[in-house]
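Structures incoming, each one as structure tokens.
Below, chain A partners chain B and then partners chain C, in two separate complexes.
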Partner chain A sequence: MYKKFRQALPFLLPGMAGLLLFYGIPFIGGIWYSVTDGSVKNEFVGLNNYTSVWQNPMFQLGLRNALELSLICAPLLFLLSFLLAAGLHRMRPAGAFFRSSVLMPYLMPSSAVLIIWLLWFDYGGPVNRILTALGGQRIDWLLGAELRIPVILLFLWKNLGFCVIVFLSALQSIPESLYEYATLEGASFRKQTFSITLPLVVPSAFLVAILSFVSAFRIFKEIYFIGGAYPKDPLYTLQNYMSNMYNKLNYQNVTAAAYMFALIVFLLFGLLFLSQRTALKRLNGEG
Partner chain B sequence: MNPNKDIRVWLARIFLTVMAIVMLLPMVQTFLYSFSSIPEMKSYMKTRGNREETEWMDPHLSPHMISLGQYEQILIKDNTVLQYFINSVVYAAAILAGQALVLPALAYGLSKFRFHGREGIFFLIVMLMLLPFQVTMVPNVLTLRVMGLLNTQWAVILPMWFAPFYVFLLRQYMITLPDELLEASSMDGAGPFRSFLWIVIPVCQPVIGAAAALSFAENWNLVEQPLTYLSRKPELMPLSTVFNQLAGENTGFEFAGAALYILPAMLVYFFFQKDILSGIQLTEMK
Partner chain C sequence: MKKIFALILAAMMLLTCVPAMAGAGDQTIVHADNNSYYNNEYIQNVVSAADNQLYAFVRGNNAEILRVYSLDSGEHTDYILRDYNDGDDSSLLDWYEITDEGISLKEDAVREITEEERYNTAAWFAWNGSIYAIQWKNEYNPETESQSIEGGFVKKVKLEDGKVSLEDTTDIPRLDWTEMIQEYGEGWQDSKQLESTTVCGNTLIGRSWDTNGYPTLEVFDLTTGFHRELEVDENATLYISGDSILASIEDYEENSISYTISQVDPENGEQKELLSCTIEGDGNYMYGMVYDAEKDTLYYIMNGEIWAMPSLQPDAAAAVCDCPTTGNMFFLQDGRMLIWDSSTIVIRNIDPATRGTETRMIVNAYAYGGGLEEAIFDFANAHGDVTVVVKRGGNRQTILQDMMNRESETDIYTMDYDWSEFSALLNRGYLTDMSGNAKIAADNAALYPYIREALVKDGQVVAVPLGISGGAISIDRKAWKEIGGTEEELPKTWNQFIEWLETLPEKVKDQNIGIFDSYTSDSEFIHRVMTQILNEYEARLENAGGEFSFNTPELRELLERVQKVDAEALGLKAHSDMEEGYYDYEGEYKEPLIQIYNESTMQTWGGSSYSPLLLSFEENEQPILPISLTVAFINPYSTKAELAAEYLAIAGRKLWQDALYSLYSDMTEPVISPYYEENHERSVKQLEDVKTLLNAAKTEQEIHDWTETLKSYEEMMENEEEYKWIVSPENIADYQARTPCMRVAAYSFVSDMVKDEKSAEAFWSMLDGFSRGDVSAAELLDNIDSKVQMMRLEGN
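Here is the complex of A and B:
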């Protein structure tokens, strides 16, 4: 609306200054750390830090776990939140209580809920009771190889709400009259889903997919809550490696690891973006 | 009329009921347990970790006797939990105050002004939003180190003032506001600043409420930042980082601590519930 940059400047200035100070400048300046050796002479070593970090077994374990956990969590978050949003959408307007119960955990501190989680997943706790009642075997949730499951469930409990809201607002923005018209024309439920619901939901679905990955990269919180500051191997993620290097004041390795991880993250989002474009094309081609 | 549709509706209902119970139970159970006495909780929590195949934990649906002992312990007798709680309050309040000054103005500048490079700046902010903490902690640490702020409260507070996610949230809402709104106010002689204060902020009240609530939730559950930036100052930690320690030490009052921590979040939820539902309009990336 306003056309002059001069007018926008006072509004942009505080925010942009902070973003430059805390992200922009150090992000570029940090490259210097990643290509020097950190000794007294601080010699230029090219990409040596990158190769040594890349070959470090702890970095590899952390990176593999971080990627594995997000490739498990993000799709789960995406699918579950879509199912919940579709269910809630069908139930309106009587669904206020259900909507609240799904949204509320997003605002709750999962840090305070972890105590209940430790109780539920105890060897003699309610989850194992239900499992044995259903004819299964007790599982050592908190010590064994299944350690990841309570962590993932706590993550889902906490993060479902936001994705559900985004999906729900997309579903609610589709005018009811479109469905009424389609029903009059004799379109089946399946046809309606594919020609009305999906194409109109795809843009939001793409956003939810991205947000799912953004939050899945934050699963370190839940890992810390259940696995502690020094978790066992299945839960050792990049965050542990970074903190470790940071505590040793090894800025060369911290910066090199961060840039490599940033590159991988952007590659992943690039793939998501491409898949959204092909999905949209295919849907539009059909309809 | 249509039996298939009936079955689908019932399936949706059952699925939602089960989910609702699972989602709400942790809060309900925390509040229930916070009213049992300290010795009762201590002996109950001691039955954890028993690896005998024949042993089970008591189901323990509710306290055997209602007691305020846990609350008395954390609020009056021993103030360690209270101290951490106050730290949390300071972080949440300081972060929200700074964000209120910086972020709506930035979102306004990026949505209601047309200038070269606007989309470029917004694109960079979205990219920043996508990066995990493991990446953004590095530039933050470099700046905080130069400024000498590591191991002070400012290390946790300052970088959060410029959190890109809330810029994104606010900007996506502001961009949908019709230009006529601002044109009308310029006709009345209001400049961009007056229009911002008297038109844009009131109209954006739902998204500002939603952003404030979401930001509070994030600030109330801080873990990565304090653990990284305050590693030498454990006394400055917020309460969110000490619960697993409390549960491990079997203090007997961990549930009152958890209930005390959940309560403000619950109030924020009920107060901002409407804003969250109507303010988040992220249907498209534009």
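Here is the complex of A and C:
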């Protein structure tokens, strides 16, 4: 194994070097910004920046909104993408058109997608017309807290395709023969799902869960494009806080907020990782 | 050869200690600072002959002068070209004859225009070591009441006894001037002027414009007089210098300019594209281009420096020396570059190899501040080995990153005081203490208190003001008195202002005065008043401390009242009547009583008869007038902090007079117009003559005519008195009286709301909606307040 690793090293080094140079070093270097006061003397202030940021009501609002949005969007994305992937998997070999076209929103530029969304959810747009046709009242989607709904829908629409592809490839990689053997042995659909499908799909599911949360945490440009730097309270995310701090040239607060959020995300992913291991053990009948 | 010339010249310059020299070979021939502009003398053209002299054609208030500069010594000699005051000593009594029958015009009263006076000069140029003028003649035929032009007369310049005489010469035949004559209406003609003339061999080339205002290239053969007019692209800017004839087409983008530069062949007008390039960055304009075909290098002025682009490769372009002005450029015989504009002639050695070592001081002027270019000349006199480069524009958001990187390339920055970037620098102690410079300290002490306290932090002087401005709703107090208004009737609060507006229609009825300017619309009025109220309210909140909120019943009620003002009664146009942004103006124009936006700082040149209405939000509360300040400060990481302070000490007092008087409390001396004494003396004499003639008048008609004449002369003298001041005692007193109400506008939440494009669009859209009555005061203030509260909670 050692020999194999040594052989692989030349191939890994360029990528690792890039990762170190553009991610690792800045990540570590940013810590210095977060523990100094940013004045001309640039004095060390310990964890004061972290304390003040943590206590800042706008940081708290942004963090709360970021977590809320991700807890809404990520599970929805996960569930919908799995269901859609399962459906597309059943449609084989037909449905090639749907399998291709499901990725299209992911490939479209965000600004173009946003413009379409703005037209759809405009006060006089098609969505409101449908609502009024169904007997409801028009809603000002683009102003106020109602903007959350178009943002969530946009997130789902844009990211669904990629997650579907991941699930689909996981489903398609399960050998058909396993299902055939199971059927021959008299296993029910439920048994097959829990004994064959899920254990083999869990690693991909974990990946999709990670991707969903990462994408959800990154919801910002849609809100910024429509609501600006200071949208209504329910839409003000942590990214807004960090962006505004950056524009105010307060790099200390930006880095402190970013590291605290990174810590929260690491904890979350740690939790997901543990959940994955537990789920796999249970599905494989271990422990 | 040129290098040898440059070296010899550089040595001579060093020995003779010509002032204002930075790199070896640099020279300042002349520079008139901002305030000497009032003497109304400006340079029209500069020509260089092969005699180590420069010929500058200067138009002054009283004369046209040919000023000959010696390149060796920098000294100059003036020769009068035309004296405007010739014959102006005549008296009215010389024109009229008083007899027992009455007054009659003398037969010889009307002086014949001399032959010389019929001639006008279209251009000057140097050829074969001599200076020539191209003239055209104006002929008026009183019988047909028509006028005609003849042109193309080439005269040789002779300098003698302090005068310029233009002599006929056979050196150059008369030039074909037919195409240079333009027709205007029936029987009227005018001649085109020729600018940026240059001689290439025996061909004279100059720039002119056709009747549509598009540039043309005029080419004259000096041996035959033949003329060719070459058309160039209507969007092209022509740069003519020696054998470099360039046409530049510029395409402006948001943060860049694309140039397509072509060389024009004067033989046939063919344009050969030399290069296409895009210059990035705000403020990076290419001026005064010259192409040296021998070196295949393009020279141009950009951002305070002369740049060289060898082989026409944009990537290879580099700055070769500083350049304190933008203007016309041409090569001198010795290879140096001469740059001139209406007030300045400088020479620069553009060969980096022979410039020697020099210290560069960089000024990054993110905000427009005066005095920076002006200070270069005085500073260079004291520090001949230091060049100052003033770069205008640029991205100010990089400044804090520069601070954190301890960037030392820039020595001085300028910013507006209310920018968030400046606020961040000020709060974090990035501004260098300049108290050690005695002049800066003294000037700081001389500032008005409200400005001084803004520029001192923890007892240290941290910035120097370079610009000041402020807006306010203003009233013509003289007109107000004329319509029977008193000072006591004027409003003291914003609510009183709304009530007072309602009384005005009756007040101005049957008067020769309007309430607002005829072109002001209802939405413009509301927009302007609302903006002023918001700015003053924010300043009030900052000043008072305590709860910081716009969404208060007091402000809501006030804005609602503003929105409900009876626009029609006040004579305001309905915004819906605007077509393509314009109104069709009908009816008699009336001077307005109120200006919805007028400068609240000192104004010069009689400035304005309008002075600000000082309005508070509550009775017996001091009003607050927010003032914008542009300041300069030293980079804490600059290695030339002392030099930078010296430079700023000069720049701080090199501002235009209105800025100086607005900033410094020691500027209390009124300034009379330089033309006043002379004009007044003449007017007094003429008035006396008219009175004499009126006394001698016999018939009723004569008495009536001379009485009318006397009235018009008296009105003229009243006007002279009104406009005799550049800075009047009343303006000074008026301004000093309102300085206690003024506050330097610091970081503004409302201004910061429009920093990003999306927020700005939403904000202005909401303000427009409010102006049009589509958005209520409550909605507007709720929107502003929610954002402001978020900004405040975020902190800084």
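What we mean here is this: the second predicted complex is superposed on the first by the 250 of 287 C-alpha atoms of A that agree within 3 Å, B and C clash if a C-alpha of one lies under 4 Å from a C-alpha of the other, contacts with A are read in each partner's own complex, and residues count from 1 in each chain.
Rule of thumb we're sticking to: contacts are C-beta pairs under 8 Å (C-beta built on N, C-alpha and C of every residue); 3 or more make two chains touch, one makes a residue touch a chain.
Keep in mind the model is a prediction, meaning the values are calculated, not measured.
Colleague: State whether A:F225 touches chain B only (first), chain C only (second), both chains, or neither.
Modeller: both
Colleague: Pick one for A:A262: touches chain B only (first), chain C only (second), both, or neither.
Modeller: After superposing on A, A:A262 lies in contact with chain B but is clear of chain C.
Colleague: Have a look at where A:N247 lands relative to chain B and chain C in the superposition and call it first, second, both or neither.
Modeller: Both partners, chain B and chain C.
Colleague: Once chain A of both complexes is superposed, is A:G38 in touch with chain B (first), chain C (second), both, or neither?
Modeller: Touch partner of A:G38: chain C, not chain B.
Colleague: According to the contact criterion defined above, which of chain B and chain C contacts more residues of chain A?
Modeller: B
Colleague: Scan A:Q192 for contacts with chain B and chain C and give back first, second, both or neither.
Modeller: The answer is neither, since A:Q192 touches no partner chain.
Colleague: Once the structures are superposed on A, label A:N48 by its partner contacts, choosing first (chain B), second (chain C), both or neither.
Modeller: Neither chain B nor chain C is touched by A:N48.
Colleague: For A:P57, select first, second, both or neither according to whether it touches chain B, chain C, the two together, or no partner.
Modeller: Touch status of A:P57: second partner only.
Colleague: For chain A, which residues lie in the overlap of the chain B contacts and the chain C contacts?
Modeller: Common to the two interfaces on chain A: residues 224-226, 228-229, 247, 251.
Colleague: Can you name the residues of chain B that touch chain A in the complex?
Modeller: Where chain B meets chain A, its residues are 8-9, 12-13, 15-17, 19-20, 22-27, 29-30, 45, 47-51, 53, 55-57, 59, 101-103, 105-106, 108-110, 112-116, 121, 125, 127-143, 158-159, 161-162, 164, 167, 179, 182-183, 191-193, 196, 213-214, 216-217, 220-221, 223-224, 227-228, 231, 239-241, 243-244, 246-247, 254-255, 257-259, 261-262, 265-266, 268-269, 273, 276-277, 280-285.
Colleague: Hey, which residues of chain A end up touching chain B in the complex?
Modeller: Within the complex, chain A contacts chain B at residues 1-5, 7-12, 14-16, 18-19, 21-27, 29-30, 33, 66, 83-84, 86-88, 90-91, 95, 97-119, 122-126, 129, 138, 142, 157, 160, 162, 165-166, 169-170, 173, 203-204, 206-207, 210, 213-214, 217-218, 220-221, 224-226, 228-229, 238-239, 242-243, 246-247, 251, 254-255, 257-259, 261-262, 265-266, 269.
Colleague: Taking the touch rule as given, give the residues of chain C at its contact with chain A in the complex, in rising order.
Modeller: Touching chain A: residues 397, 400, 403-404, 420-421, 424, 428-430, 636, 753, 755-756, 758-759, 762, 786-787, 790-791, 793-796 of chain C.
Colleague: Please output the residues of chain A touching chain C within their complex, sorted ascending.
Modeller: Answer in residue numbers: 37-42, 52, 56-58, 224-230, 232-233, 236, 241, 244-245, 247-251, 253.
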